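I've put the structures underneath this note.
Below, chain A partners chain B and then partners chain C, in two separate complexes.
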Partner chain A sequence: MIERTPILNAITHVIMLIGVVVAVLPIAVVFIASTHDFRTVNMVPMPLWPGDQFFENYARVWEKADFGAKMINSLIVAVGVTAGKIVIAALSAFAIVYFKYRLRMVFFWLIFITLMLPLEVRIVPTYAVVADTLSPFRTILDFLGLPLFVPEVNLLNTYTGLILPLVATATGTFLYRQFFLTIPDELAEAAKMDGAGPIRFFLEVLIPLSKTNMAALATIMFVYAWNQYLWPLLVVTDQDMATATMQLKKIVPGPLFGQPPIWNEAMAATLLVMIPPLLVVIFMQGYFVRGLVNTDK
Partner chain B sequence: MDKRVTFKSLWLAGALIAPQMLLVFVFFYWPASQAFYWAFTTQPPFGGVNEWVGLQNFREIFADRVYWNSVQVSVLFAVASTTLSIVMSLVLAVAVDRQLTGYRTYRFVLFWPYAIAAPAVGLAFRFIFAPQAGFMAALNDAFPGLWNPAVNGGHAMALIVFANSWKMVAYNFIFFLAGLQSIPRSLLEAAAMDGSSVVRRVFDIQLPLLAPTFFFLLVINITETFVDSFGIVDITTGGGPARATDLMVFKIYSDGFKALDYSMAAAQSIVLMTLVVCLTFIQFRFVERKIHYK
Partner chain C sequence: MADIVIRNVRKSYGKTEVVHGVDLTFEAASFVVILGPSGCGKSTLLRMIAGLEEISSGEIAIAGRVVNKLEPRERGCAMVFQNYALYPHMSVAENIGYALKVAGVPKAERRARVEATATTVGLGDYLDRKPAQLSGGQRQRVAMARAIVREPKVFLFDEPLSNLDAKLRVQMRHEIRRLHQRLGTTSVFVTHDQIEAMTLADTLVVMNQGRVEQVGRPSEVYARPRTLFVAGFIGSPPMNTVPARITAPGVATTAAGWTIEFEAADFRAPFGTDVLVGIRPEHVRIVAHGGHDLPVEFTEEIGTGRLHHGHLAGVPFVVHEEAGPGEARPARLSVQLPASHVHLFDPETGLRLDAAPTGTATRALSAA
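Presenting the complex of A and B:
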């Protein structure tokens, strides 16, 4: 607006400044603490300028928590979830929007309902399924009296077990569905007239048009998958499969009451775990916001 | 909403949707129904087929004082962190929406926290609010015993509320800002022409028009705090001290995987599921009643 409101503007700036300080301060503190030696970090109050132990601390933590391998695990899981989601959601949204058949709305609702119950509230039985992935089919066959042999497939301590349950939700499907519904019918009509079948239409018209949506979905799914904590904590018992977020628990000796953690190392680990998704958000800012707002997740 | 132009090939539609349906069946519907099965049965101590016990598991958890404590703690946590994060993000969004010089920088930085993993947030806050090191320690030096989340349940709760709100402020901020930006500028301009001040416009135009966003976020925040708080609790307080931060999700985890009592954990899961589903229904009602101002 055009009016002059110098006092109000000053107040607004102060509010925004406080907001930014509150948002950045914890990250800054983590960084500063991670650059001091053990004695300095425990000083009261801790100095507010970075120390000179940056490389030493990070090298030690990197070694101690084996972050090299763990980050790769996290990356595999995050990329797996992202890719799986993008592909599967696009396919099922296409099947729901561009085909006509009786079960269409049934499928739609079956997928839609999964939005309601996040993994965390059905964590115990989901764990049981992952420990014996084909058990649903075995139980059903038994129930039907079909004595077919179904082998036991244990997905604990595998990438598949880490990834698939995180893919089995409706988040992306709806993003695509909303988007496909906005695409004018004339495009499909023209494609059909030119003799393109559904697959050709999907690959050459819909996919190129959905690029922005895909990027948005990819950003939020990557951050979501990288930040998973409870799920990997359950599925992974073999240290080789551990993800980066899980290693935070290894660095600190336990909840509040035990002996205090070695703070400089703990903070270095925290920063290492923070950085990848933060970078994704910083560089993909627009897509991230778009993905978040459009999926209503 | 239907497309006028559609394809006919049935088998193709089936093949396209099959992967999603398969995943959803194995990793969603089956576990969800398993939860019901376990909640109404108990496992005999020496293995074998589960025994049908009806509502006994539910009666047991509802008679358990420890369970009610975790419900109470969860509600307190949800109300406190939702209030804190919504109020803060609303103020920030209104401020940024005025588009004063440099607002882009502020906006840019303000949604960083949402990108950070819950356990990392937890650990950072645990350090900042640690009683012997970090910053609260300075206060403790001046006033001995002022702050100690390791012994004082209230302090521990405050700690996880701060950590969780810090993360959620970023999320809410994004939505509030998007909501504010979808309000037609012409409305505000008209009000300005009529001589209403900036503050008056905030209270009489922007806030009322933000109502749908507000309700949406209210429900999402409450759901998130009930469901998604495990990471922060696990790494900071571990449910303590004396179960002061023993949130419902955390209790399900410790009963199910530490005490290996699937039936009790399943019964608790069902209660939490019911709660989340109710909240989601409320949300759909509000989302459907979106105010249209065009």
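Presenting the complex of A and C:
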């Protein structure tokens, strides 16, 4: 419904402006703090206008945190998790929606229930499995009394170990399921009449149709994976495998008593770490909009 | 050319049976229309032929080969769906050529065949469009081209015209008929529209509640409806059916006192039995005087004539009058019911009281 009431319009604009201020102000403060030198940033009150130390601060913090290498680590992990999630989610939703088999709903609910269990809840067993990946099989074999040798596979300090536990996703599966349910049955039947088997139908009909969906999922999951902090902190002990978010901690003031917080550097590092997910969101936004415009069924 | 033989086919979902043992034979190169109200099992039957539904029991054979266990792609059927079911992300050319692509036809040959087919259905200029950019009629043409290009043994149409507006529907109906005359491919067409059914069919199958009511040429089904259901379903407006009792050889009398003559030799209706007398509105003759007196409640103009609505023996009675000099809104009419157009039905079973059941009638009987 479209209403033409100037007063109401004015009010909604004011509310919107307040919202913008609330959202933007903290970021602005972060940016301003990152452009001053150590002395100015610790003044009370802190100046609310950018200083002249922008390039110095960013260059120094880039060196100090070794962001060159660590950002690449983060990128590998984030891309790996995103790709893994998209593939697994699409495949499991395909299995749940398009195939009739016993216990179908049981499997769906099993996946759906894990939606409520974040990584933090299962972090101890997950760590145990990553530290010795084949241990569950060894336990089963021991229990059955089979004296088979199972080698020890340690995934700590590897990309695989960083990526795999984050890949399983109920959210993505659910998103795909809901999307697949909106696709008319006749499309699957037409594909059947055309002679396309399930794999062909999946690759050539479902996947192209779910592009928008996939862009949305990829964006959310990239940001999620990039922002992971706890899991890399547990799995990585080798400094070379550290991710960008882990480095942030090292920039923020250390634990030594009396050491003053170096806020200008910490803020600069924060902004640097924020840039890649921001770029992904901006870049993917184009796909959302196109997807929304083209929604003629 | 392929014939289709359906032997005692049943379909049930859990404990509910929706198709109760259907026996039908469709000759090669014929155009068969399955007509019935929604929920009569006609689409289910079609989908069983296509292989989209499992056959609960019985057998379907296409070109002499039992297809019960075959995948849809192995049956040689092409299907046109009610909502077209085009792939939204593919262009018209890709939509038409998809089956060929799946079958591994080389690209050059594929393009040639797609273009040739698109031209025959008048889509030559639209090959690069997406389905979303086409009108309903054009989408329907794409769906047909997609079926034609595969050169299938059998065409299956699942109410393909019901999403189109009235004018397009007639146009597409003519195109489907023309297409069948040119290609001669066995076609099975499911619809709930009796005009479509009458105009398209070589063989008309009328279904109701999972059973076959009658099989025959459209004119035959119109002229000799085998059950009350068929009498009411075929023809517009439907046949008048009036309760009456046989009072003399070849004479039935209604509660209102009308004596209606019928061809005594055609019907098995002994003296004193209760019957339903059927006569189509277009067969009732209006006379100046000397006929039965019918009070008219209201009159509808339909261009080719008028429909006069009244009641006879407590049931609605409609008379169709050819366009002419007659009175536009008569208060009463004097009507005669020509004996050669009078049908008799059993009020209990709804079956036509035929003296000698026709071949198609017995076949349908055994199916029921």
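The working rule: the second predicted complex is superposed on the first by the 259 of 297 C-alpha atoms of A that agree within 3 Å, B and C clash if a C-alpha of one lies under 4 Å from a C-alpha of the other, contacts with A are read in each partner's own complex, and residues count from 1 in each chain.
Here, a contact is a pair of C-beta atoms (placed from the backbone, for glycine too) under 8 Å apart; a residue touches a chain by one contact, two chains touch by 3 or more.
Only a predicted model underlies this, so the values are computations on that prediction, with no experimental measurement involved.
Engineer: Name the contact category of A:280: first (chain B only), second (chain C only), both, or neither.
Structural biologist: first
Engineer: Per the overlay, which chain contacts more chain A residues, chain B or chain C?
Structural biologist: B
Engineer: With the two complexes superposed on chain A, say which partner A:209 touches: chain B (first), chain C (second), both, or neither.
Structural biologist: Second partner only, chain C.
Engineer: Now for A:105: first (chain B), second (chain C), both, or neither, which partner does it touch?
Structural biologist: After superposition on chain A, A:105 lies in contact with neither partner.
Engineer: Classify the contacts of A:195 with the two partner chains as first (chain B alone), second (chain C alone), both, or neither.
Structural biologist: In the superposition, A:195 touches chain C alone.
Engineer: Please write out, lowest number first, the residues of chain A touched by both chain B and chain C across the two complexes.
Structural biologist: 189, 192, 296
Engineer: So in the complex, the part of chain A that touches chain C is made up of which residues?
Structural biologist: Within the complex, chain A touches chain C at residues 184, 186-187, 189-196, 200, 204-205, 208-209, 294, 296-297.
Engineer: Give every residue of chain B touching chain A within the complex, in rising order.
Structural biologist: 1, 3-10, 12-14, 16-17, 19-21, 23-32, 34-35, 38, 88, 91-92, 95-96, 98, 100, 103, 105-106, 108-121, 123-128, 130, 132-135, 137-138, 140-141, 149-151, 156, 166, 169-171, 174-175, 178, 188-189, 192, 197-199, 216, 220, 227-228, 230-231, 234-241, 249, 252-253, 256-257, 262, 265-266, 269, 272-273, 276-277, 280, 287
Engineer: Name, in rising order, each residue of chain C that touches chain A in their complex.
Structural biologist: Going by the criterion above, the answer is residues 50-52, 71-73, 77-79, 81-83, 85-89, 98-99, 102-103, 132, 146, 150.
Engineer: So in the complex, the part of chain A that touches chain B is made up of which residues?
Structural biologist: Within the complex, chain A touches chain B at residues 1-3, 5, 8-9, 12-13, 15-17, 19-20, 22-24, 26-27, 29-30, 33, 41-42, 44-46, 88-89, 91-92, 94-101, 104, 107, 110-111, 114-118, 120-130, 133, 135-136, 164-165, 167-169, 173, 181, 185, 188-189, 192, 197-199, 201, 223, 226-227, 229-230, 233-234, 245, 248-249, 252, 254-257, 260-261, 263, 266-267, 269-270, 273-274, 277-278, 280-282, 285, 288-289, 292-293, 296.
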